[in-house]
Each structure stands twice: as structure tokens, then as C-alpha cells.
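Across the two complexes that follow, subunit A remains constant while its partner is subunit B and subsequently subunit C.
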Partner chain A sequence: MAFFKPSFGTDLRRQSTAFFQCRSLHSSAPQFKSPVSIVHPVHHRVRYKKSILHPKYQTLLTIPKWDPRSHLFKPQAVQPSRVKTHWETTLAPDLMLANYSHNELKLRGRKHQEWDGSSPYHVNRPLRSPAGNAMATPDILPRTFRTVPFVTSIWVNTFNHRAVTEHAERNIPSTVMIQQITGVKPAPAYSGVSIMQWRLRKERNVGAVVEIKGAKKDQFLATLVEVVMPRVKDFQGIANSSGDKFGNISFGLDPEGVRLFPEIEGNPDLWSGITGLNITFVTTAQTDPEARLLLSSLGVPFYGRERFHNVPNLDGTKQTRKKGVVYYENSQE
Partner chain B sequence: MSLHQLSSMFWRRSQTIISRTAFQSAAVSRIPQPLHNFEVSGVKFTHGSLEVTRGKRTKSGGSSPQKIRLVNMLSLIGRVRKAPYRLKLSYEDLLRHRTIHRAWQLVKRQERESRNTELMTQYQKIQVACDELEKASPELFAQAMDKPKSLRFPPEYRIPTETPPNVSWDSSWKKATLPQVK
Partner chain C sequence: MFFLRRSLATSATADALAIESDSGSPAKEFKIMSGVILSRPPIITPEQTAFSKAYYHYQSELYKRMSWTFPYWFYYPKGTLAENEYTRVQPKLNEKDPDVLFNRDRNSKQDVVFPPRSVQRETEESARIYAKIVPNPRTTIADEENNIRSLERKLDRTLYLIVKRDGESLEWSFPATTIESGENLESSSTRMLAQYGGEDMNIFLVSGTPALYYKDVYESDGKYEGAKIFYLKSRIFNGLFKPQKESGIVDYAWLTKEELSSYLDKQYWRKVAGALSKQ
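Let's turn to the complex of A and B:
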């Protein structure tokens, strides 16, 4: 029942290999040590709440979630979701037909490659990186009734620069703002890089982030599309070049746009330092154009020149992918 | 509980929040120097507004509206239990709850399966139609397979509402033209 939490600055891979290296006289031995000793008597170097092992908590594990006696019980079907109903009744058949291409085959993505074994050093060497790309890509499955795209979750995060330049307390209004807008409890967001011009250092609390799922996601999406986006000044839509190639679309809202959320607009005097939002739609679409089609069906406008990355041929002709390059039937010659 | 008691209780609670965050800085009353002067919508923030000095008078002049606002906000995102207390149901009520829950799960499952079956049927019909079109006329089939690379739903497309609109039919409607940006 112990919660293992790796300390900062240690590599997980090192911890997994610690079983072979923990008994050593070398000066660098402590950094390879496992947080739990494996020789009797066992001493934990990681703190955990011992009280959760009490027998009175054992019944909590046996009570299912739907039981009101469970501490995890949450009333589920409290209101209908018109976004979900719309997707089920209307959008899913439309999207299936729009994305349909006849006799489609599974298109294998770029994967890590085996070494050919010409050198004895190839044994135990890490796999070769994918051809043409440093990152492995997932397979693209045929578009069937099982792979109709939908929005799984929405990530919303904010970055408050004043938490860096002034005081860490400036995070509090941003965090509360995200919580009020989305209805989900936010988690602190930490800076990943240090930028000297911004006086920003790494691993500082500089904002908040939430992942919205379920009914709250639908509510947020409807509010965004119907209340906020139409009233943002000079708003053209989401850029067609946005996306991470795998069906997740991101865009940003200015502080002026954030002020248009009903929760903020109802009492604007309460909110002194409003920050902008970064919003990411996580969808099950396999490519970005399919994700854009899905979002446009939900009322999200798009503008600009479209970017096609990782998009298979839509003509229905036979295609193969060799070493990261897509070959169509006509271009084989 | 009178209003005075409630307010004093909240005040004590806010003081604990303050002292918890500023425990270390209370020993050495250190106030960091400002990097910039920011004026935010008429509210002038000072540095370390939640930090208090031990021994300072708090009854009068110790609190500012900004500080109280921040403490209120902290209480919104704090770790205190937000969920309501556990329901205490009798055995019969638990049985009723379980019965209704199972029945509702069954209804949802049947709906989901019927939806999936319908979608599957539609997909198979599309496949059959394409196959037959290919046999009947390869040229027409090639035209049918030729679809634009970027597809969009019309910008007027809306998520249906549960109530009818105030204006049932707009006879002066014209197709919207989105600004084209290169």
C-alpha cells in the first residue's frame, strides 16, 4: 500500500536497475539506490501514510463506486447532455460517412526499427529511431463504425507571468478562475523550461491546469462555442494549422476572450488579473483534418490554410509506407 | 450562530491560512523588493500581501480588501472536503437504490447496443453500395470516391437546443461568408 514517489532528479530507469547496483562501495552508489531496501529488514526511504493500512478502511475497498456508502460515490445521470445526444444521433453517422474511404487498409505508422545484426555491437543496442522522424507514430486504422471520432476530453491551462515577476500568490486568482470556468478542481502547473528574459526558472508554479471530462466537458464546449467564441472581437476561428498530427487541436484565448465566460462576466469586478487560456481538444480522430471536421460539426470555426501532416491518401488507391515515405500506387514507378 | 460569531470564526480560519503560508517569513519579516510596478485595473498589489508579521495588530488596519479577497479565493481551492457527507440509507433504501441503478445501467446498455448496431448496419450498407457501384460503373465509382481533402460542416451548423428558438424561421437568411485568410 505504500505510495512510491520518485524524488526529483532521479531517473526512473536508474531506479529499475537499482537492484543490481545498490550494493556497491563506489561513491556514486547512493544515487542508484532503490527507495526501498530489498534485504530484510525492509526500511522505506519513502514516506507513506501508515494509517491507511488500518483494518477499518478495508471495507472501503469492497464497496463499489455506485453504492452511496462508498466514499467515491457520485450521482452520475443528473442531467442530459445535448452535445452527447447530438453526437450519438446525428454526428456519428455523418462523420462515419464523411470519413469513409472504400476498402481501406491499416496503414502502419513509423516504428522503431531493428538493427540488421551486421555488427556484434547491435546486440542489446536500443532500437533504431523511426525513419524520417524521431517519434514513433501510431497505426492509422480503417475508418469504420468503430472508429468514429469524438471529443474525449478538453485540457485547459493558464500561464500567469505575474506569478514569476511579482509573487507566487498571483497564481491564486488564475487557479480560481479556471475552477470557476470549468467546474473542475485545477492542479498546479509548473514551468518546464527556464527563460532568462522572462525571469522564469524551471519547476516553478506558474499556472494551473485542468482536464475536463464527461458532462462538464460538454457543458464547457457548448459554452465556448455558443457564448464565448461568437463575441470575441475579431475572432476568425482556430487556425487550420493547429494540431499535433494525431487528432488533438489546440488554441488560445486572450484575457478579453476569457472575460466573456458567463462565470467571469457575471461579476467582472471580482477578477483583477485575468490571464488567457490555452485550450486543447483531445479527440479520438486519427489525423488532424478529421479532428477539425469533428470540431466544425460542433460549431467551432476554422480559418487559414490547412496543414496536412500524417494524413493517408484519401483517394482510395492502394498505398504503402516504406521507411517513413508513403508510396501511392501511381507513384511507385 | 449569530453573524458576528460566523464572521469571527471565518476570521480565525483566515488567520490560520495566513499564518500557515507565512510561517517561515514571520520569523524574519522580509519583504521582497518589487521588480516592476504593476497597476492592475485600479487595484494596486503590494508584495507579500498574505505575509503577516508576528505581533502585528490585526484588529484594525491589518487587513486589506485585496488580502481578504485572496484568502477567500484560497478557501475555494483549498484541500478541505467539498463533497457532501455520506448518505445514510436504510437497508431497504439501499436495495431500492441498487435496483434502480441496475435497471438504469440496463437501459443505457440496450440503448448503446442498438445505436452501435444501427451504425454498423449503415456502414455495411455503405460498403455494399460502393461495391455495387464499382461493378456497375467504374467511372461513377471513381467520381464517388473522389472527395475533397479538407471537409467542414457549414458554419451555421448548431448543436440543437432543448427548446425551440425565439424566431422560428428567418426568411431573410443568407449564407454566411467566412473571411478567407491565407
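Let's turn to the complex of A and C:
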């Protein structure tokens, strides 16, 4: 029998799916069996580190990461956060009042639908897709003190085209660059699609990606708003058309803008082939205008026409519904 | 933000809320007024408590102890003058029992010492940028003089504007005015602020929704039974409140929440306190 290297990626998932799909009494059943099993009787077809199950390692496995006794513990709160304090003392009460409206009700989003039961085959069938074949959308809850938006995390990623055309090693400076700017170790980013014109193939390492949280996120936001954005040439701000309709706003910085980060600017000779960044603010805001209100109160500039959606409609404005999002006709310019 | 919506309060006009009297006497009504809670948000972060200071100190020392070694070879490449300068200023390792890896004693915390910038390479601009940053003091002249009319005091607190007008009762309160015909809450409050304090203030109305409602009952008034005041929240960015001659403003003050409690009437304070920021 062929020896399988332990791969916990797509292969394992494919094989275990196949295992459920085929009949186990079939002669080819063993080859579809999951390579790892922890249910008795255990016959692994891959090497499995049983030693980690030894009782002496149990304390290591059970102590959580935040506990100073854990070998993974890393002190996080080394200084109070200026951004967080500002949000707590000034922004949160203002945002709650600005977003609030009387007699607001829950606005139900698109959901998966029940079958009507007209056919016996409807029993145990997966639910029907939402109306219009669109994605399911979350409910919009009334704006109260429980739904005051804040920035949960910031995603930063870069795409290095030279890693495609020249060599995958070109990713190394891009990865280090993101690590320098954010202070968090990035993960390699892989292309999701093949584009023949760019000579790009699917699942190739083409850049780096990182999610910043906690104190490092606040530090990054403050640097971006106070040091970088004011000095980017011809920078109008983030376009109001940006956003995924559910409170997450993205924008791009070109290489010239990235050079303005103090970590790069302080030592420009060290860096060659700087690439641009894609930055996404992940917020708990329920709609994009709310997220923009939050970000602009933190100092991020915006430009363009504002288009409100999923706002409680109290004065009978004409509304249209598109892909689970309610739009209003007389939006502000 | 959502000004396209009409808030409920703005539809009320001065003569809308007439109250029928049970005894058949001529009906009295409440005067509808709009007010503004004008505030200056905190400019600096609050002073840390002794416990908070000790906590962050402990965490940062722990961080220095457990953090990765500073990759000096990346910033000061091997064989360069810069590397010489860097190694020259590093503190000596513990002589007794050092556990050294990459020039770092792993038994102690890591304090990265950078070499001073060479004077020859210094230009006027770089000298300005790299000059040692000296923060301004947390207290100002206005704090020392206890000048309650200045906006430059209590930098880590929210300051609220209260005024004293010559009228029936000479008492401190948030500025308020009667809504005139054709006005809504927002327009009447912006009109009032310009009328009372001049045009120099840069003011931002947080929302068209009132942050506070106060019902004032008059004891002896022929026409009105009392006043219903809807307060909007607003922030001052820059400029000064300068009392205008014909506005009838006798005195004004910028005060924190605790200070307000001693200035305001007890009953008024009890209603108002919940709408004010703790910090």
C-alpha cells in the first residue's frame, strides 16, 4: 500500500468526504478511508504523533494561552490603548445617539427557506437557497447600546506580481515588509484564480496576509490615520462606494503610500520592490454608512456620494430591495 | 448622521401640546424649547491610577523578558560601520552565568540600546525630526488659575457649557431657547448658539435625536404651565464662547460633571446627570 504523507489540507477533507459517500463494504473502501482515526480500533495509515497524548503533556494542552504558566503565553497589554480610551470615553456614546431612531424594529435579512412539503422528496432535503438565489444576509437589529459599532480587526494583505513572473522568493521582502509595518507575523497568501494574461496560476504563493487585533490594531490604525494618510499625495480618502454592505470597509495603498510608514521611511535603503497594500477594516457595524461614521470619527477620511441602506424607514421613503439589502431613493449627496 | 429621516421630536411645534384642564378653566400649555448640551471632549488620555501603572509596568517588563531577540543583524548588517557603532553601545553581559544567544543573555530582559545619530550626517530637518520628544505638561495655566471660562483646563475630562441668563430665575443651566415658527430642534439650537455665543465657534451637532428631555413646571405664569426642553448633544471643535450683548447672558462656565453638581439646582441636576459623561 502506498504510504501517504500527513497532509491536513484539502486531501484529507476530500478523502473523508469520499469515505462517507461510498459504501464501506465495497472492495475499494480502504482507499477512501480517512487516513487518521482516533476511534478504537486505531489503524493509522499515516504517521501520527501519539506521544502528545502522554499524560505528562496534559498540562501543556489544558493550560489556556492567556495563562502565564502556558508556554504560549505572551504579554499583550503592555500599555493603555489611546484609540480604545477615545472610543470608550467619547465615540461610543456619540455613535449610539447618532445611529439611534425611535420605534425601530428588527429588519429581517434573507434566509434559507423551508420546502413546502408538496413532494415526499422534500423530507430531509437541505433548505432552499434564499430568494433570488442570493446569499443569506444577517438581520439588522435595532440600534441600542448593544449595537454600538467598533473596529474588531484589520486585515492587511499584499500581492506581489514579481512573485508570479520572476520567482516565489520575491515574496520574502513583501512578507517582512508587512511584518515590520503591523508587528504581527503574516501568513503566505495564495491565489484563488488562474489568470492567463498575468501568467498567474491557482494556488500559487503570491503575497502575504495578516490579521491585526487588539493593541497592535489600535497602533496600526493610529499610525495610518496620523502619519501615513495625511502625507499620501492626492489622497482624497476612502471611496464611499467601498464596503461589503455589512460594515467592512476596504481600500488600497500604493507603494508610494506604503513608503510613508515610519518603519519603512526610517530605513529606506533596506527596502527594494515595495508593494502596495490592501487594507480591510472589520467592524461590528451592521451597515456600511455606520462603519464609515465610526471610521471617520477615528480620523479616516471618505469621499464620494453616500448611499444609505438598511436604515429604519420611518417617513415612508421609497425603497428598493436588492440582494437582501434595502436601499433608499433620496440618499444624501 | 441620518438627517434624511425626520425624528419624532422635530415635528412638535410650540402650540402642539395644549393640555385640556379638567376643571373647565382656560387651558394652559407647555412651552416647547430646544436646548444644547455643548461639550468639549477629552483631549488627553486619563491619568493612570497607581495600580494601572504597576500593572502595565509589570506586563512590559515581562514582555521584554519573553520577546524575541531584536534582529540587529537586519538593521545593522554584518561588517558595516553601523554594526560597529551598535555593538559599541550595548551593555555588558552578566559575567556570572550568561546564557548567550545572538549577543543576548537569555536569563535577563532585553533592553535595546540604539547608537546615537552621527552629527556629521545631521541636516536641519532631520535634527528637528529626531529631536527628543518632550511632552507638554498635563496641567495648563488655566488649571492653575482655575479659570472656569477657559476651554484649556481639565484636558482629560469632558467640559460642559452652562450659562446664567437674566430672567425670572438667575440660575445656572444648559443654554436653551424657545422654538420659533418654522424651526426644528436642529435649526433652533444652532441659531441659539450663534445668538448667545457668537459666530466664532466651530460646532458639530452629534444627532437630531435629543439626548435629554427636561420638564420644567412654572409656579406662577399666566400663559404657560411650564416648559418642555429637548436637549441636543453637540461638540465644540475650536473657537470660543463669547457672550453677546443682547442675548442676556450674565455669566458662563465650562465645567466637568462633578463641578456641575455644585453649580446646578438640585432637582435639575438629578434629571441631567445621567446624560453626562463620567470621564
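Couple of notes before you dig in:
One rule holds in what follows: the second predicted complex is superposed on the first by the 247 of 333 C-alpha atoms of A that agree within 3 Å, B and C clash if a C-alpha of one lies under 4 Å from a C-alpha of the other, contacts with A are read in each partner's own complex, and residues count from 1 in each chain.
Basically, contacts are C-beta pairs under 8 Å (C-beta built on N, C-alpha and C of every residue); 3 or more make two chains touch, one makes a residue touch a chain.
For clarity, every value in this text was computed on a predicted model and none was experimentally measured.
Residue contacts after overlaying the shared chain place A:226 against subunit B, while subunit C stays out of touching range.
Of the two partner chains, neither subunit B nor subunit C is touched by A:216. Shared-chain residue A:144: touches subunit B; no touch with subunit C. When the shared chain is aligned, subunit C comes close enough to touch A:79, but subunit B does not. Contact with subunit B, but none with subunit C, is seen for A:67 once the two complexes are overlaid on the shared chain. Contact with both subunit B and subunit C is seen for A:293 once the two complexes are overlaid on the shared chain.
Judged by the touch definition given at the top, the superposed model places A:186 against subunit B, while subunit C stays out of reach. In the superposition on chain A, contact of A:166 is made with subunit B only, not with subunit C.
After overlaying the two complexes on the shared chain, residue contacts for A:204 are found with neither subunit B nor subunit C.
Taken together, the two structures place residues 68, 73, 77, 82, 86, 88, 93, 97-98, 100-102, 270, 289, 293, 308, 311, 314-315 of subunit A in contact with subunit B in one case and with subunit C in the other.
Those residues of subunit A whose C-beta lies close enough to touch subunit C in the complex are 68, 73-80, 82, 85-86, 88-90, 93-94, 97-103, 267, 270, 289, 293, 308, 311-312, 314-315, 317, 328, 330-332.
Residue ranges on subunit A touching subunit B, taken from their complex, read 66-69, 71, 73, 77, 82-83, 86, 88, 92-93, 96-98, 100-102, 144-145, 148, 162, 165-167, 169-170, 172-173, 175-176, 179, 185-186, 199, 222, 225-226, 236-237, 240, 270, 272-273, 289, 292-293, 296-299, 301-306, 308, 311, 314-316. Residue ranges on subunit B touching subunit A, taken from their complex, read 32, 34-36, 38, 40-41, 43, 45, 47-50, 69-70, 73-74, 76-77, 82, 86-87, 89, 94, 97-98, 101, 104, 115-116, 119-120, 122-123, 126-127, 130, 134, 145-147, 149-153, 155, 157-162, 178-182. Those residues of subunit C that touch subunit A in the complex are listed here as 1-8, 41-42, 45-46, 48, 52, 55-56, 59-60, 62-63, 66, 74-75, 158, 206-207, 209, 211, 233, 235, 277, 279.
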